[in-house]
Every structure is written in structure tokens, then in C-alpha cells.
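Labels run A, B, C, D, E and F following the written order; every chain starts at residue 1.
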Amino acid sequence: MPLFDLSLDQLHEYRPDRAEPGDFRSFWDTTLAEARSHPLDLTLTEHDLHLPLVEAQDLSFNGFGGQRVRGWLLRPRGLAGDLPAVVHYLGYGQGRGEPLDWLAWPAAGFATIVMDTRGQGARGGTAGATGDQAGSDSPHVEGFLTRGVLDPHDYYYRRVFTDAVRAVEVAHALDGVDRSRIAVHGSSQGGAISLAAAALADGVAAAMVDVPFLSHVARAIEVTDTRPYAELLGFVRTHRDRVAQALATISYFDGMTLAAHAHVPALFSVALMDPICPPSTVFAAYNHYAGPKEIDVFPYNEHEGGGTHQSARQVRWLRERFA
Amino acid sequence: MPLFDLSLDQLHEYRPDRAEPGDFRSFWDTTLAEARSHPLDLTLTEHDLHLPLVEAQDLSFNGFGGQRVRGWLLRPRGLAGDLPAVVHYLGYGQGRGEPLDWLAWPAAGFATIVMDTRGQGARGGTAGATGDQAGSDSPHVEGFLTRGVLDPHDYYYRRVFTDAVRAVEVAHALDGVDRSRIAVHGSSQGGAISLAAAALADGVAAAMVDVPFLSHVARAIEVTDTRPYAELLGFVRTHRDRVAQALATISYFDGMTLAAHAHVPALFSVALMDPICPPSTVFAAYNHYAGPKEIDVFPYNEHEGGGTHQSARQVRWLRERFA
Amino acid sequence: MPLFDLSLDQLHEYRPDRAEPGDFRSFWDTTLAEARSHPLDLTLTEHDLHLPLVEAQDLSFNGFGGQRVRGWLLRPRGLAGDLPAVVHYLGYGQGRGEPLDWLAWPAAGFATIVMDTRGQGARGGTAGATGDQAGSDSPHVEGFLTRGVLDPHDYYYRRVFTDAVRAVEVAHALDGVDRSRIAVHGSSQGGAISLAAAALADGVAAAMVDVPFLSHVARAIEVTDTRPYAELLGFVRTHRDRVAQALATISYFDGMTLAAHAHVPALFSVALMDPICPPSTVFAAYNHYAGPKEIDVFPYNEHEGGGTHQSARQVRWLRERFA
Amino acid sequence: MPLFDLSLDQLHEYRPDRAEPGDFRSFWDTTLAEARSHPLDLTLTEHDLHLPLVEAQDLSFNGFGGQRVRGWLLRPRGLAGDLPAVVHYLGYGQGRGEPLDWLAWPAAGFATIVMDTRGQGARGGTAGATGDQAGSDSPHVEGFLTRGVLDPHDYYYRRVFTDAVRAVEVAHALDGVDRSRIAVHGSSQGGAISLAAAALADGVAAAMVDVPFLSHVARAIEVTDTRPYAELLGFVRTHRDRVAQALATISYFDGMTLAAHAHVPALFSVALMDPICPPSTVFAAYNHYAGPKEIDVFPYNEHEGGGTHQSARQVRWLRERFA
Amino acid sequence: MPLFDLSLDQLHEYRPDRAEPGDFRSFWDTTLAEARSHPLDLTLTEHDLHLPLVEAQDLSFNGFGGQRVRGWLLRPRGLAGDLPAVVHYLGYGQGRGEPLDWLAWPAAGFATIVMDTRGQGARGGTAGATGDQAGSDSPHVEGFLTRGVLDPHDYYYRRVFTDAVRAVEVAHALDGVDRSRIAVHGSSQGGAISLAAAALADGVAAAMVDVPFLSHVARAIEVTDTRPYAELLGFVRTHRDRVAQALATISYFDGMTLAAHAHVPALFSVALMDPICPPSTVFAAYNHYAGPKEIDVFPYNEHEGGGTHQSARQVRWLRERFA
Amino acid sequence: MPLFDLSLDQLHEYRPDRAEPGDFRSFWDTTLAEARSHPLDLTLTEHDLHLPLVEAQDLSFNGFGGQRVRGWLLRPRGLAGDLPAVVHYLGYGQGRGEPLDWLAWPAAGFATIVMDTRGQGARGGTAGATGDQAGSDSPHVEGFLTRGVLDPHDYYYRRVFTDAVRAVEVAHALDGVDRSRIAVHGSSQGGAISLAAAALADGVAAAMVDVPFLSHVARAIEVTDTRPYAELLGFVRTHRDRVAQALATISYFDGMTLAAHAHVPALFSVALMDPICPPSTVFAAYNHYAGPKEIDVFPYNEHEGGGTHQSARQVRWLRERFA
């Protein structure tokens, strides 16, 4: 895909109206309070990796609605003192996979939580272990983006973002973790969830947000027709009289609005030829972001963004920040 | 797609082992009894079509788990006496759409129920109105085929087939319907649901099953990689150690087994170049079908099968049968 | 396909030069006079549909050059008085198919003529019954758009539009039809033909024009390369020195020009992501339309436009207008 | 496309039933007699190529129905005595293009006729100059393969093959041509036409038939779904009750049958991975061919077959044969 | 591909900065001097074509690094006096193929050299005979565009352009050639090489440059993602920190810069819908071209540009020029 | 891709003729001796990863022709005693990327060498650092598979396999490595290189070969047309008279033959729906493999094979074997 969105100069200035709902804050306060009415009920089960350097535990806790959410906890062996931690959120369709998929942060000395995205993790080779025990009141396109999209209380990402906040609480509840040094990280859908955690959870000290999904959604469906945004496009093409209702639901979850409520230091990345998460939708979130921030721009890349190149950069950035 | 499956001669003889679970009958007896513990609670609301010939009602009833299922009831105007009825089930992804989408059976003099497939109906232009209020305990591929596929009690089609049986009960509960002349009909996923209704519901007098999906699934994922079977292929590619478990779940829902439990007269159709529902999987059901049966073979067609050509044939077939 | 054409604001103002040939009116007067030199010679043959609500007749008449054109006549049963009528024209490649394909207008109380597009109707499942008995003097790309494109007298759509005018005359010639309430309707190619009939036929009382093809063609081949416009693109790519000649031919058939000659009330529809009939080409016709007019805009849809959703709207619109 | 058809050993033995119509010979005798009732009326117009080595003339003559068929006549300059000649027929969609496209045979010392295929030549860069002045009585798929396919008298290739025979008569009518050394040549559709000319024309001394189309058509539509065979597939998918009628029409034009009526020395070529003209359909013609014959097999090629490599071989083969 | 680049008006004015390296001239002087340190060592071997009008010789000479480069020499037979000559360069991936592929210039009376592009000629049916005996110091994407792209001395096209200059020297060294009438010609990659030869070789009298590749490369990778430019896009997506280095290398080979150093009369062609060599990149070279110039614009064509239509035009243009 | 190759039962018995060249052993002995005439000249440069658990060094050594080959050396920190080692070879097109890409073996306690594949590593996000300093004498398709394919001495994989043997020698030369516990590992092209190292290098104690490429190549190009085998298909389609020569070259490098010369314990994996490296070509190598062996079969997977699932299995397998 060649360049198809705004120019880099325009992107740096691009700050569209957020369409933030008046009750945004109370919606989330109520949602999280309800979730916290269930005990976190963290369980950790040894998972033998046969790795001398890293130990793994199968982790589960109560997320939204008191429903169980699974994940991994990986810890570097042999490091002294309380460890800093990273909570890692996953891309669309991915599951927690194998511990071997997530060795970078433990190798860098971080206790690492990898959180399943409920219901996801059944393709692409990375198996999930968490169902979405809640149904939805309205029909939806195959996929997760339009589940319950006609009502913010019924919307799928209300459950996922709540799970994400609780996963930060899990990090705080772990032995051997330094609670002042907990970061969140993710790419694409994982970037969206990271933004949500940075905005909604307490005790997050840094956020790394790569090519985030679910940001400036009303524009996204006008400039791209790739999956997963195409799911929403499919919905509004079929439910022609429910477009405003669907977009109103999403406004509680849009990265632009969440960004405006996040205050921790953040490192974003964006790719200027990204047809999955178009750069204008990423900059829309970045330019609204309320905390200290940097963004790495990859001018020729598509949705792969900075790849492992960016991972190495993030290790350096986070270690400096947490030094 | 050129010919890719067995020859027509082989197809007529093809009768693979059904792998029917020992508790198949009791599984369904228990499932349906549970559903019937909820009252049917049928509601009908006038829907003004502005059509002098056909009247429509927005229909809803309690399906699986007592959850509301929506649909349409269409009736021809001006015909005397109790009407025969057709319960129509939908293809994958479709919703009940507009009453205008379903005029053939009413024009042919049948009271017509169009049942939403829970959760579906958000793309392809035919909007549904029914959510799937139940979640699933395990992760799944985008789509519906692998929802809850690790446990037959949790499986999506347990809910759908139960809804389908209850939709037949709705037909029996309607005023002005001749209960001895109730037929079921559907194509693709709708064909699978029709087979299920023919096998599991009481008071079905005829079944029309076009290019049915969800039949001989273990073979389907070896001979085709098109959607929706590709969803299951995605699952077994990722959950490499859960293949047997997934196939065991599906064996409670496989068209081959359901066919062996159905005894009403049936008219099938099949297309020999169908890459979505390969002909060997259709004949696997047809050859196991336990009632009087005919099959119309379209040697050059793909999944469109007989199209409206077959609809005209079905009108004649059913009117003769119900004369 | 994401948004790729003018913005909605620009579309409402878009009124390009029509390039109307000086002899446009006389070209058509002569053409129609020649056609009328042949008797209409309408024949109707009973076609047993087995439908208690609708009766069908196989219809044929003399179109351009006195050549036979086939179609269906469908009539609702049991309605008193002279009926209003709709003449329905088909999309590219479609044939008249089965009467079951066209039940909406009869169910709405309209005598309905479905006219074959000569030569078309051999794919897509809707069989035609009408050949194009005229050849063309020049080579053409596979398809119909470039047949005879080097001379307006030889051009394929000269024959089709003439057939369309004669089909309106058929409606006037039918028993039991109220000649003051005859409408034309079609989508895509059918929309183009409807525009032509509204402009060129006498006794049309309303026009419904969905996502029309063959409008502002000179722009169409610059902004889209999808079929059928791609046929013309193929032609001008090969006959590099005949571009002006081909566009001059088409100017006698362009929807913009026809629109400027039509005066009956019209209901248009357009889809802003339509890659087949781009929105600027539709608005070019709409903004030139000379009669009372409305347009329904579908902001996210592609060429499916409003689908059955729009059909329901059209039934209401036309019944109000003909009440 | 990997290997998908019979093995080479099987191909050499493959000799399916020809399904030759009983009146095959009389059908063609009558057809050609009718054509010959029109004078050939050959015209040649100088076309200045600015080439010192080759001179070109724009050629036209009366083909089927006395309709004008265009082409090129190219002659090498400066060679003494009567020249041998090649009549060259074109691939599907091609037109006669520019004289520069056809320099190989003139450079090899042959007077060369390139015959337009009526109606074709509007894409792919090689412009034709010949319309198909005859229409067809039945609808057809976009393209030429199904024009008039419901009746052999109305079928498009009846006209084309008749034109081809007349083009051989043109070669005989030319000054400076040695009538005992006239060959026919073509690839794909041109191969089919060459076979027809070899079978039906008088005074052909050799035939070169590359990867011929329109042979063993009943099998072709079962083993490939590529264009142009896909046009017929589209037709039989739509006109489900006209399959036998369409295949009966084509049996008068099938390369297998024509091959059995051809007796001049022939050089065929075939490519084993050809998805356009599958090798079994080519060998079906070759194995039925009634004259002296050779076939060059390209085991890894697709429809490009032997390309210019084969052209060089044909120059050697034909020069030896005509030495 | 519809129009996607600048408008024709804009194109005529488009003259971007060339980013010409300061040592451009000395880079090439040194490069060519080094090449000329090897004797040309021309060899010609008879190749029997069996063509009375054209004779062919298998040609080889020392190109860059004294490495052997192969090609064809074709000569018209029977023309008196010294002949004008054309050196023809090939498109990406092509090899010299068969002499039969290159008959137009000989038929037009020109001695014709067809030069292999080292390493290329192994697909697309036109076999090459020349390896690239030099390796590269850096990794590269499959293909030729990024070979050695991190250093101008190591870059693949340094070798190719040097070969091209030496091929002009071959033309000068041939018996029977009029050294004052030597032209260069090529399309796409061949157009790029022609530009290079026009700029860098002595004794070129005219250049024909069709839809040239490798021009204004920095823009090309922003407006198209088709091959071969996609190879460079792949490189900069992976070697994210080497973008400037890669573009700096290419600046020694960019058509814009070469054009500014060429002074002989030139005939360009460009196609406005060309997705392979976008029109703005072609006009960038054309508008910088320093000699007398014309450009033929094909408004609807893609990369095929003017095809044989343009070949006929070039024959006329060059014969007039060399008359 | 559905199942397209032999059945699993057939695969277990599939043992085609190897077509081993008579001088296979001496060809490789001579090749390796020549390489060893250059000193290994290993250099290691610290590369600061900022990872407390793993240290990395930028590694280079003299491979084929004494040319420098780059790679990474990763070592787990804090483990006592000499470490076992893995030499890891890369898939087609990949480069050594970032150390973060290769953490599994170090985390499992192995010194790990990742060897660049010369010339590769410029797309797909994993950058290489090694050029292929040798050219080839013959033209080739874009890519690496056909470089020098007309002569085994000139063939690209002669250089790569030699580099691979030298990389094993590097492992033996490292401090802190237990020379009795050195394994080789790779997937796809990396699997082919691993097989070569197992067959040709001294001092390999175990081999892990995932879905290997370059095995039973003569069959591969008949059953698949995907990249990279498609490169060879492109070559033989163009160089129609060089097929035997190309296949004779490859016989020195074919996995089947190499397998017959390897004697160390091996763990293979294969995927039955793999269109890149078809299962029959993998089993051809496995069934000829001369040492103790196991194979993991993934019945539904494509070329991703066992993915990280298999990595976890390999860690266990190798640790047991090296315990």
C-alpha cells in the first residue's frame, strides 16, 4: 500500500474533535466498580518450560463480571530484588500462545503478564485459553469489533478493557514486583488496550502503544476497508439505520478519548503506510494524549510498524525510565 | 472451481461412518427438555409492509435458555381456511432482513416463519435482530462455527438447533395454521438447521434441504478451505492438541447423524462444484437420511446450487405433497 | 472500498458539463419513429407459477428493429380495478430469471413488467430469453458496453433504450392497467435504462433510479476500473486513436444528458463507496435531472446501495405518489 | 498452476468418444456453400509501414453471410518467384493489431495473411477492425464463446470458421503465391480455427496448431474454470436446463471432431500445466487427428506453451516441409 | 488502475529537485574509464535463423569489470550501404530471448543490437544468456533493484549502465554500420537504460524512452507498491535505518539526473494510468531532459503504454530523423 | 489449502529414487576443502542488548570463498560450565534480524549461533547483514533458488551449505561451548540447511528439521507453484531446453540425498496441508534419512507447521538428548 493518508506534516497537526460522551468518566467508574465487586481471585499454576532462565506460571483472575481471564506470568530467574513489570496485551485474534512467544520482556528483567483477550486466540497459531462468557444482545459481524455495538454496556470492549484494568491490579498483587514500576504494552488491538489501561487503571507508570487500533473509528471506516475495521463497515452497511447508535457506543472506547484521560509517560509508534490502523487515526490519539509522549514514525512500513527493531528500542526506553 | 470431489457415481454410493455419539439421543432430549422448561412466550407485532397481498408480523419467542429469538411471520392475505406453513432458516451470516426478502412462500400460499440465527445478521445486507445472549467458555475463531467447540453443551449450534425446534413449536402455536402441513426449509447453514429440525422437532411434515452446511465435517475440512469451514480449520491449526475434542463436539451436530434420525419426506439439492459445502459432504447426509427422499443434482453449479430455479421446483414439490 | 470520490458536500454541487450532442433530440426521435414502424405485436402466454397470489405471463413484443424482446408480466390476484404498473429494467448481465425473483412489486399491488436486456441473461443465475439479433460493425471488448461504440446508430444501448421505451408502450397496451400510474424502475444498468425511459417514453408517471450506470462516462473511466466500465477502458486502451469517437457515441446515451430531458418525479439512490457506479457519476445525473427529485444517500455502502431496505422505501414512496 | 490433469503417459493414450453429430459433414457443406454464394470480393489497400523489408496491405473479403472481414497481408520484399503463404488466426480477444506484430512469417519468406476474428480485437492492445454483423437469437455470457450456443446455425464459431475457410480461399486468390504451399497457423483460439481450416478448407498443405482452444469442451468445463471456458460454465450454471442443447451445438465445432476430418501434415504443441486449454483437451484433438502429425510437449509451461521458442521451431518445420 | 497520480496539467509542470550528487559526473567518468581498461573483445557467432530477410549473430563483449555480456545482432539482408543502428535494452526480468522476438528494427532497415541485462532473463519466456558475475556486499530483496543498494560502487545498475555504454561502443565497432546514425531504445527498465546510455555514452544520435523505470525513485516508492519498485519498498521497510543511504545510492542512477545530462533528440512515452512507472516519475525525467524532446501521452493506458502502436510511430520518427 | 498431496499412509511409505550424482561425496569434499583453505577468522563484537539475562555478540567468519558471513552469538548469562549449543539457520528471505528475535534457545540454556543466509535478509522485517559476494554465470529468476542453477559449482546453495558447515566449525571454536553437544536447527530453507549441515559437517550431535525446503525438488515443481519453488518453475518455463541441466545441478543439494548421508539423531516436522514445502517432499527426505529419527506430523497445518508449539517440544527433546 503506497501513502494514502495525510502527510506527515498534517499528521503532526491533526487533532479532530473527540466526540467524548458526557458521562464517559462515570460510565467507566461504574463499570470498574462493578468489576471490583468481584474478588480478583488470582491463581498461579506452575508451567514447566524447561528453561533455565525463565519461569512461567499459568495465571487466571476474575475480570469483567467476575469471569475468569487467563494469561501467563513469566519471570526471569536469578535476578535479585523486586522486579519491574510489564503487562502485555494482544493483537486482534491472538491468544496468549506459548510462553516461548513472550521472552523479550523477561529477558530484559521484567516480570511479564500476558493477558488473553477474552474469546480470542483460535487462529494465527497463538492459542488462547479464555472464553467470553458473556453474550451480546444484538447481532454482529463475524469477529469481535461489533459484538454488542448497539449499547456501550453490552459492548465487547467494555469487558476487555475492564479485564485489562484488572490485569494491572494483578501486577500490583504479585509478590516480588516493584509496584512503582509497572508498564503496559501492546500493538494494534494491544495498543488500544494499553491506552485504555493507561487511562483507566491506577498504578501504571509507563505505556508503550504501537500502531493502535480502535482510535478515531469514525474516520477509520472512511479511509480503510481492511479487517478488523471492515467488520464495523459491514455492520453499518447492513444496519443502515443504526450508524449513529453504533458510533455513539464506540465513543466510550475510542483511543482518542482514552488518550485524553491518560497521563503517564508514553512511547507511541506509527507506520505511514499502515492500511490496518491508518496513521491519521493513530495521530488522532497521540495528539490528544495528555501525558509526556514520544512517537516513532516509520515512513514506509505497513501494519508491522517497527517490528523487533521497535522492541529493542522499547527495552532501552523502559529500562532508562525505570532505572 | 472445477470438479474437485468424488464423481457422481461415487457420490451416490458414499456412506461414510457417522461417528454418532452413544448419548446422541439423550443429549438432545435433555437439551430440548431444558429449553421447554421456559414458556414459548410468543409475541407478534404488526409490521406495516404497505403490501396488499402479504401481511407481516414481527415475531419473537423464547429459544434456548429462554432467550428471545426474533423473526418474521408472513401471511398471504385473502386465502380461506387454515394455511400450510413453512419455517425458513437462514444461511451463514444472514439475518431476517426485510419481509420483502421472503415473499416466495407467502405468495405460494404458506404462512411463513423466518427465524433469525442468533447473533448473526450484521453483514451481507440482511440485518438480524437477535443477539446470542450466551457466551462461550473457550476461545474461538472470528465467526460462529467454533464458538464453544470444545464442549457440546457449550457449542453455539446447540443453541441454534434448539431455537429451530422451538420455531417449529411456534408454527404449531399459530392461529390459522394447519398443523399437519408444516415444512422446514433452508439452504447452506439453513439446510443444516432444517435437517436438525426435521430430526429433532415434532410435527414436521416435510423438509427441503439445499446444499447443507455442517455435514461430514471431518471430511469437509480436508477437502475445502473456504469459509465457514475455514473457521474450524483455523481452530485446529492453532489448537493442535484439541482436534479430537473439537470433532467430538461437532459429532452431536453433524448433518450425517441428524439425517439418520429424520423420517419425514425430504427434498435435497446439491451442486457438484460447490466449494463451500462440497458434494461428498452433502451426499454423506443424504445417503444416511432415514425418510423418503429425493435429491436434485446441479452438475456445474457452485454454492448457489439451483437458485430460484430450485425455489420454483420446491413450490411445486411442496404443494403436491400438501395438496 | 473506502471513500474514494468527492465528498458529500461536493457531490451535492457537482454539475459537470453534459456534452450533449446538438442532434440529441432528433437522434432519438428518428430512432423511436423507426422502431414504431414495426407493430408492437404483444403476446402473452400463461406461465403456471403454482402461486395463489400472483399470476405470471411470458411476455414478448417487438423492440428495436422489430426484433422480439421477452419478459414477464406479473399480476397480483384478487385486487379490484385497474392496477398501477411498474416496468422493471435489469442490471448488467442479468436476465428476466424466474417470476419468483420479482415478487415485491406484484405483492405491493402493481402489475409488473420485467424486461429482458437483449443478449444478456446468461450468468449470475438469472437466465434471459432474448437474443440481440443485431450485430455490430466494429470490434468490441467482451461484454455489451462497447458493442458498436464507434457509431451511435450502431451502439448497443440504442437498441436497449428503444426496447425500454417500447416496454412502456406495452404497459399502456395491457388490459387492467391504469395508464396514468405507470412507473419505471431499475438499479445500476437498470437505473440507466429507467432514466432513458423517463426521458424518452411517453406516459411515464414516476421513476426510481438506483445507483445508475452509464452516467458521466468520461469521468467514470478515470475514477474506476471495475466492470462494466472497465470494458470501455479496455477499448480506449486498445483503440488509442478512437477515444473521442467512442465518447462521442456514448454522449447520446449518457445518464447526465438523459436526466436533463426527464421531467417526471424521481427517486434516486446512491452509495458513497460504490466502486462500480461512483457517486460523482450518479450525482452528475441527479443534479441535471429536470423533474421533481429526491435522492437517498447511503454513506458506507458499495454497489449494493440500499438493497431491500431501499425496496421497502420505494414501495412506500410509489404507493403515496400513486394513491 | 501445478500439474492438474492426466499424466503424460495417459495423455498419449487419451482418445475419448467424439460425440460427432450425424450430419456434421452436411452441416459444414451447406454452411460453406451458402458462404460461397457470395463473391469473395477481395480488396487490398496499400498500408505504408515505412519498412524496407516488408510491405503490408489492408485486406478485406466477404466471409460468412457476405459480411466483410478485415486483415493484413504482409509480404517480404525482394524475394523472387511465387511465395509460400501462411494464414494466421488469432487468439481469443485479439485483433489484427499492427503489421509490426506479425513479422516472423514474412521475415521467413512467407506471404502472410492475418485474419481478424469477427467482433474481437478491442482489448489487450491488438486492435481489430472487423465487427460481427450478425446477432444471436439467444442470450449469452459476456464474451464470444456462448453467442448463439443454443443452435449450431446461430453459433458464433460457425461464422468464424467460415471466415477462416474463406481466408484460405483468399490466399489461393492472391498473385504471387504458390498455391501448393499454403499453411494455416494459430495458437489457442487461433489453434482451434487452424484445425477447422485444416479440416474444412481445400488447398491447405500444412497446419500448425498451438495449445488449441475449443477441443473436448465437455471435459474442459469440468477440469478448468478459467476464461474463456468459464464463459460456457457461466452459461450452463444459469441455463441449467439447456446444458445438453449447448453441448450439442458445440459438437459441430469441437476440435476433436474437426481433427478427425483433417488430413494434412500437422505440428501441434501442448503445455502440461496449461489451465486455459488443459492438456487432455489438446491431446483429445491430437489423438483423433487423421493426418501425419507431431506434437511438441512443454512439461512445465502454462498457456504460453512454447512461445517464440516454438515459433523458431515452426519456421524450421515449415521451411523443410515446403522446401 | 484508475487515475491516481498528478493531472496532465500538473505533470507538464512537474520538475522536482533532482538531488544530484556532487560527484555524479566523476563517479561515472571513473566507472567508465575502469570499464574501458578492459578491451571490448567483441565476438560474433553466426546463428542460423532460417530467415531469408534477416540474419542473426550471437554477440558478446566485455562489459563492466571485463565480464562477458551477451546479446543478439540482427541485420536486414539485401540493403545497400552502411546501415543505421538501434541498440535495444530490455525490460525488467527479460532476457534477449529469440531473434524472432526483435524483428521490427531489422525490418525497418536498422542493424539491431539487443543487449542482455546481466543476471536477468529467466522468466517471462524470454531467456537471457548472461550472468551477473559480480556479487554484492549487502543483502537484498529477491530481484535486482536492491542489489548492492547501500553503496553506489556496489550497486547493480552501475554494472548494467556500464554494459549499456559499452553496447553503444559495440555498435560503433561493427562493420557496415553508419556511426552517425546510432539510436538507443527501450521500455520500462529498458527506458531507464536508454536514458543512461543517452547521458553517458558517446556517439548516440537519438533516444527512444518508453515508460521509463528508475526515475524519481524517492517519489515512486510513495505512490506505488507494485513490482519492481516494491523491492525497494521491501528493503526500506526492513532496513529502517538505511533509507537515506539507499536513496543516496540510487541518486547516481535516477532517471531525473541522467536526463539532465542527455542532449540528443529524444522521443518519450508515458501512460497516465501506469501503476508500474507512475506518470509523475516519467515526467520528472522528461521535464529535466536537456535535449530536444517530444513525449507521447497515453491517457488511459497502464504500463503497456503505447504498445506496438508506439513502435510504428517510433519507426517513422527515427527514419525521418535519420533520413 | 485443503489436502492436495499423498495420504499419510502413502507418505510413510514414500521413498522415491534419489537420483544421487555419482560424484556427490567428492563434490562436497572438494568444496569444503577449498573453503577450509581460508582461515575461519572468527570475530566477535559486543552488541549491547540491555538484557540482564542474555548477552549478544555480532559474529562474523569466513564462509565459502573466504567471504565474510555475519550472524549473532547469543549466550545465556549466569549458567555454569560449558554450554551446549544450537546453530540456527534461517528461512527463505530472512536475515539475522535482531537478537530479540532469537531468545528461545538462549533461554533454554544454549549458546546460540544465528547464521545469515548470504544475500538474504532484506524483507519481511528481519534484516540481514551479509552480502553474497559471488556472482553467477547464468541468468536467474528474481530470488536465490535459480542463481547459478546451470552448474553445481556455480550454484548459490553450494555457497550457503558451505557457510553452514563453517558455522558448525564456529560453534566448535567458541569458548565455553561443550563440543559434544552441538545441534543444528532450522525451518523451511533453514530445515534444508540443517539437513545439509547434519550430512556434511563434523561434530553435529543432533538435528531439528522443520518443514524443509529444497527436497525432492523434481516433484515439488510438479505439485506446487508457490514461492520459492515457483522461481525454479519460472526458470524451466523459460529455459525450456535446460530443464535436465538445472535438475542435475540441484541433485547435489537435494534434501533426499543429503538425508541419506546424515547419521545423527533427528527430529523432523511436517504439515500435511503445506503448499510451500509439500508433505511428500518432506517425507522423501525423512524416509531416506540415515540416522535415528522421529517426525511430528501436523495434519491440518500449512507451512507454519507446528509453530511455537513445536519449539516447546524441541526444547524438551534436545534437553533430554543432551542431558
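One rule holds for everything that comes next: contacts are C-beta pairs under 8 Å (C-beta built on N, C-alpha and C of every residue); 3 or more make two chains touch, one makes a residue touch a chain.
In UniProt terms, the chains line up like this: A, B, C, D, E, F = Cephalosporin-C deacetylase.
Quantities reported herein were computed from a predicted structural model and do not represent experimental measurements.
Chemist: Any chains in contact with both subunit E and subunit F?
Modeler: A, D
Chemist: Please state, in steps, how far subunit C lies from subunit A along the shortest route of touching chains.
Modeler: 1
Chemist: Can you tell me the least number of steps between subunit B and subunit D, where a step is a move to a chain it touches?
Modeler: So the least number of steps between the two chains is 1.
Chemist: Select the chain at the greatest separation from subunit D, using centres from the mean of Cα atoms.
Modeler: A
Chemist: At the interface of subunit A with subunit E, does the proportion of residue numbers present on both copies reach over half, so same, or stay under half, so different?
Modeler: Different: when the shared numbers are divided by all numbers used, the fraction is under half.
Chemist: What is the distance, in whole Å, between the centres of subunit D and subunit E, each centre taken as the mean of its C-alpha atoms?
Modeler: Here subunit D and subunit E have centroids separated by 37 Å.
Chemist: Please work out the Cα centroid separation of subunit B and subunit E, and write it as a whole number of Å.
Modeler: Inter-chain centre distance comes to 62 Å.
Chemist: Compute the distance, rounded to whole Å, between the mean C-alpha positions of subunit B and subunit F.
Modeler: Chain centres of subunit B and subunit F, defined by C-alpha means, are spaced 50 Å apart.
Chemist: Mind pulling the residue numbers of subunit A that touch at least two other chains?
Modeler: Those would be 125-126, 237, 304, 309.
Chemist: Based on the touch definition given at the start, go ahead and assign the chain network to line, ring, star, complete or other.
Modeler: Contact map by chain: other.
Chemist: So, with touch as defined above, which chain pairs make the list?
Modeler: Final set of chain pairs in contact is A-B, A-C, A-E, A-F, B-C, B-D, B-F, C-D, C-E, D-E, D-F, E-F.
Chemist: Along subunit B, where are the residues that touch subunit D in the complex?
Modeler: Checking each residue of subunit B against subunit D gives 1-3, 273, 298-302, 304, 306, 309.
Chemist: Touching residues of subunit B toward subunit F in the complex: what are they?
Modeler: Within the complex, subunit B touches subunit F at residues 221-225, 233, 236-237, 240-241, 243.
Chemist: Touching subunit F in the complex: which residues of subunit E?
Modeler: Residues of subunit E touching subunit F: 67, 93, 95, 116, 118-144, 146, 148, 154, 234-235, 237-239.
Chemist: Which subunit F residues qualify as touching subunit A in the complex?
Modeler: Going through subunit F, the ones touching subunit A are 49-54, 76, 78-79, 97-101, 103-104, 106-109, 125-126, 304, 307-309, 311-312, 315-316, 319.
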